[in-house]
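One chain, subunit A, links the two complexes that follow: it is found with subunit B in the first and with subunit C in the second.
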Partner chain A sequence: MSRFLIPAAIFLALAGVLYVAVVHSPNKSTMQSALLGKPVPEFNLPVLGRPGMTVSKAQLSGRPWVLNVWGTWCVACREEHAALLEIARQNALPLVGLSWKDEDDLALDWLKQLGNPYSVVAVDHDGRTAIEFGVYGAPETFFIDADGRVQYRHVGPMTPEVWEREFLARVPRGGLP
Partner chain B sequence: MRINFRALVLALAGASLLVVALPCGAFDIESMPTPEMQARYDGLTHELRCMQCQNQSIADSPVGLAEDLRRDVREQIIAGKSDAEIRDSMVARYGNVILFRPPFNPSTAWVWVLPFLLLLVGVIVAVRIVRQRTALVASDDSVIESEDVPR
Partner chain C sequence: MIPELGQFALILALVLAGAQAFFGLFGAARGDLRWQAVVRPAVAGQFVLVSTAIGVLVHAFVTFDFSVLYVASNSNSALPTFYRVAALWGAHEGSLLLWAWILAAWTLAVAIASRNLPASFASRVLGVLGFVSFGFLLFTIATSNPFERIFPVPADGRDLNPVLQDPALAIHPPMLYMGYVGMSVAFAFACAAMLEGKLDQTWARWTRPWTTTAWAFLGIGIALGSWWAYYELGWGGYWFWDPVENASFMPWLVATALIHSLAATEKRGVFKSWTLLLAILAFSLSLLGTFLVRSGVLTSVHSFAADPTRGLFILGFLIVIVGGALALYAWRAPLLRSPAGFEGTAREAFLLYNNIFLVVAAAMVLVGTLAPLIADALGAAPLSVGSPYFDKLFPMLMLPLGALIAIGIHAAWKRGQLGSSRGRILSGFGVALLSGLVLVYGVYGASKPLTPIGMVLGVWIILSSLFDPIDRLRRKLSLPRAIIGMTLAHVGLGVGLLAISMVESYTVERDAAIAPGETLVLGRYGYRFNSIKEIEGPNYDGVRAEVTVLRDGAPVATLHPEQRNYWVQRSTLTEAGIARRWNLDMFVALSKNVGGGRWSVRAQLRPFLGWVWLSAGLMALGAVFAVSDRRYRVRASAKESAGEPTIAQGSAAEAS
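Up next is the complex of A and B:
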């Protein structure tokens, strides 16, 4: 009997390990940001459509905010746009856009045609800031708390459900300062 | 004449391989100021994963993000950062997944240990089987029956 028990036990243990590994394998939509709990990287970028103006980490700190990385070349960004407009209407959190490796004219046209959900759009032409945020594909959306720390990252199109569950739920009770 | 013909075929085959292989590595080859820096650049860009394509290194991938990460590696090398510092900066932004060779720490230990553990189990099983069979043969005094062996 033990002749079969030992190999069977080994087989089951191995199957268990592999199952766990497959289920928890880094999948694009579940991969956690390496920045979780860490301070937002420093940036100071031009503001889209406002020549001469810049937006920096320092200007945004002191209250929770949301960073949405997008580009007009990104199909899934068009998909999530309606959800972003709806979110902007709630006025619960400042929605900051990061125009990632895009042309300003195209980005401005996009906002004119589809509507502008953003309080401000920072322009990252060469993608340096996106790298600092650990961005690997658009759209990606970050929740940053009042202390300037990344608390959550959503990869892929934003949906009302994700917004409720992962973003609004992280806003401290008692509203915003 | 026959050998010449064979050499010709080989040369043609080799040349066609070159033609096929060239375009794969032809996108923006960035050259570094010194051969030492170039060697480090080549090494680092081959051991960092392109996060958009996951199983290609940033040296092999033509996507924009890989290009940006190559530029980042290049700039950090020129700024005098060590290989370890560059790797750490990548892990700080993208996590351990960006390294093809994950570091040995409590959360990755099983990745390194498990294959050797399984190998050990295999060796133990093989040794036991061989020993059992050897013992079986040694204790077996029955006559081998064969048509070739006269009784």
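Up next is the complex of A and C:
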């Protein structure tokens, strides 16, 4: 009898995983509340393609900016790339990339091939900074205000609609300094 | 008023599905023929009602009834009629309705075809299908009502996702659902057999054509999706190991194992409990696929919405259906004995090895797909395994399987007698080795280490599959459709292995920004960018370029890649320009305007890519032949199903 129970046991374990996944799944309201208004974690990361240079939280503070977490291994990042290029063309907000757990060569190739929408790309090899940001999965995009606080977080591929509704709308009137 | 009729029809269908499940299962358990007599009318009524609901929703789309939320969200006055109908399954609610309708259609087919089966068995099969249908209809009505109204009524709709405005993708979901839902028939047969406590070779013969049909639809659906990704996404790939692709690939792998295991159960009475388990797994993975796509727990190219309520509902449903079936399996399967023994080189043994490889491959894909979820559940750091994981592991399972197939095709039932086939095996291998090596080192040049292995195995499988049919023709023996079907499918597999090895090794690509008049050089080929002009479609505008492909300076093809901006959803899509020769795909996609009249383009040469689709086509055609074999058309009465292998002991049964 016992060996015939194995499939059921495996299935139960799987169901447990799926249950946790559903409960944790990118639910906008809970994700927002955990991060909304909190200051961005401190970081000081190497810059992609510029050996020796680093980018830190302090350097970016003083004006609103956008952080986009991506990886060449992430299919949805590829999907949003065209939208990011369009956004970069508008030049409304600085778009900072976070190359998440990726190989630099691959990331540089990607930007060369598909175009580079980022003002600067920070490299997060071990994924520590992403964890401190509470990144659930790539791609994710954060709106950070002039005081260095997270004002909005978008999970999943960026679209022109989301950009206009959730990001551009948060830029203070009168434009950027 | 009309949309409310659709909703009402769905609620009535739910009631009938409940009746079908209750009277089917308990009628059989009590041996009450009057209860069982309720089942077939309930099936027919349910089909009519769900068809009505589908008709109502199509009507709302065709007549631009934007007071229906689903229509307003997925259609637009500028959307062409064909896509207004296809928009029916363009998002979550309509997809579920389509699922329910296809299930109702399959159930109706089973109800009609099962009239010659033992009454209690047929009742149980239909009862299980009714139970599945009940769950899906309840899910639709409770969480995803496609007939929900919106007020105030918008002046125009938000349009169908432009990604879906494509002929291949428009018919991809129905094909895939035909496969997914078709697996429910094998599942219902398995549950009914466990409830009856009886599983004989006749059972396997009943189950086989249904399973093969569902398998064929699933294969076509997967191929269409991959074909679409190839020319529409503009990346030039055909398979990305995306979670949603994996979700359809896992049931296909297990269903492939199942159709082979069913063959062994039918011919030799072996692997009974294993076959049952595979039948349960194939449908469970279909449900899991639906869960992954519809709950939005995995972000992917295809996922459109995340809704935890829906996720929890499907999960609950999954637990009831799959958990119930597996519990039944744990209770009943130990009672089944497989009396016949076989030798380690017999056909049964090779089918067992094939099954092990296929199931392990499915498990590997499952682990890779769920890795982010498993890491999350264990509290580990977010983790996503991309194609490197699959690209490394999958060939390691498929290449040994290829060799087993090439040898196993020659094995006989019960006793291996591989010795007598030694000549065939060695001569096939010799020819394959020679032609594969000539292709690799003589024609295309040395490449990745796995390339020659894949190509030799591909040719070997093709040759091995052809020995028996050619031998039969030469000896003027009959060539039953079952054998033609099996041969076609195996040749298709060999072709696919060959094609994928070629594509993965010899694709050349280049990305560059070029202006009209310039030529992008790719080996002996050149892509000359002639001109670019603006175009306007029914609901988009964009640009179309003209690119001439030159080979050694002489024009061989003209390509027209496009980039389209859909007005309402404001998204940009690429349509690749592709010219296909028998041994080569020439591909070009526009990626962006870099200014100064220059466009960055991606140009590729992919040898033998067309053969990947040919492979899928051959497998599906093989299924058509196998299902139309004579022995399934000869209606078996319940009496001759006494368990002894009476059916077609002739040559047809021996080989398939």
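The rule we apply is simple: the second predicted complex is superposed on the first by the 145 of 177 C-alpha atoms of A that agree within 3 Å, B and C clash if a C-alpha of one lies under 4 Å from a C-alpha of the other, contacts with A are read in each partner's own complex, and residues count from 1 in each chain.
We take it that a contact is a pair of C-beta atoms (placed from the backbone, for glycine too) under 8 Å apart; a residue touches a chain by one contact, two chains touch by 3 or more.
Computed from a predicted structure; not experimentally measured.
Enquirer: For A:V17 in the superposed arrangement: first (subunit B), second (subunit C), both or neither?
Expert: Both partners, subunit B and subunit C.
Enquirer: By the touch definition at the top of the document, which applies to A:P172: first (subunit B), second (subunit C), both, or neither?
Expert: Once the two structures are laid over each other on A, A:P172 reaches no partner at all.
Enquirer: A:P39 contacts which: subunit B (first), subunit C (second), both, neither?
Expert: Touch partners of A:P39: none, neither subunit B nor subunit C.
Enquirer: Given the superposition on chain A, which partner contacts more residues in subunit A: subunit B or subunit C?
Expert: Counting residues of subunit A touched by each partner, the higher count goes to C.
Enquirer: Does subunit B (first) or subunit C (second) touch A:E161, or do both, or does neither?
Expert: A:E161 sits against subunit C, while subunit B stays out of touch.
Enquirer: Examine A:G127 and indicate which partner it touches, taking first as subunit B and second as subunit C; both and neither are also allowed.
Expert: It touches subunit B and subunit C both.
Enquirer: Which subunit A residues come up in both lists, the one for subunit B and the one for subunit C?
Expert: Shared contact residues on subunit A: 14, 17, 26, 127, 130-131, 135-137.
Enquirer: Taking the touch rule as given, give the residues of subunit A at its contact with subunit C in the complex, in rising order.
Expert: Interface residues on the subunit A side: 1, 4-5, 7-8, 11-12, 14-27, 71, 73-76, 78-79, 82-83, 85-86, 112-115, 127, 130-131, 135-139, 155-157, 159-161.
Enquirer: What residues of subunit C sit close enough to touch subunit A in their complex?
Expert: Residues 235, 240, 242, 273, 277, 280-281, 284, 291, 295-297, 299-301, 303, 306, 308, 311-312, 315, 318-319, 322-323, 326-327, 329-330, 333-334, 370, 372-374, 376-377, 381-382, 384, 386-388, 511, 569-572, 591-592, 594, 600, 602.
Enquirer: In their shared complex, at which residues does subunit A touch subunit B?
Expert: It is residues 10, 14, 17, 26, 31-35, 38, 101, 126-128, 130-137 of subunit A that touch subunit B.
Enquirer: Applying the document's contact rule, which stretches of subunit B touch subunit A when the two form their complex?
Expert: 51-52, 64-65, 68-69, 72, 91-95, 97, 110, 114, 118, 121
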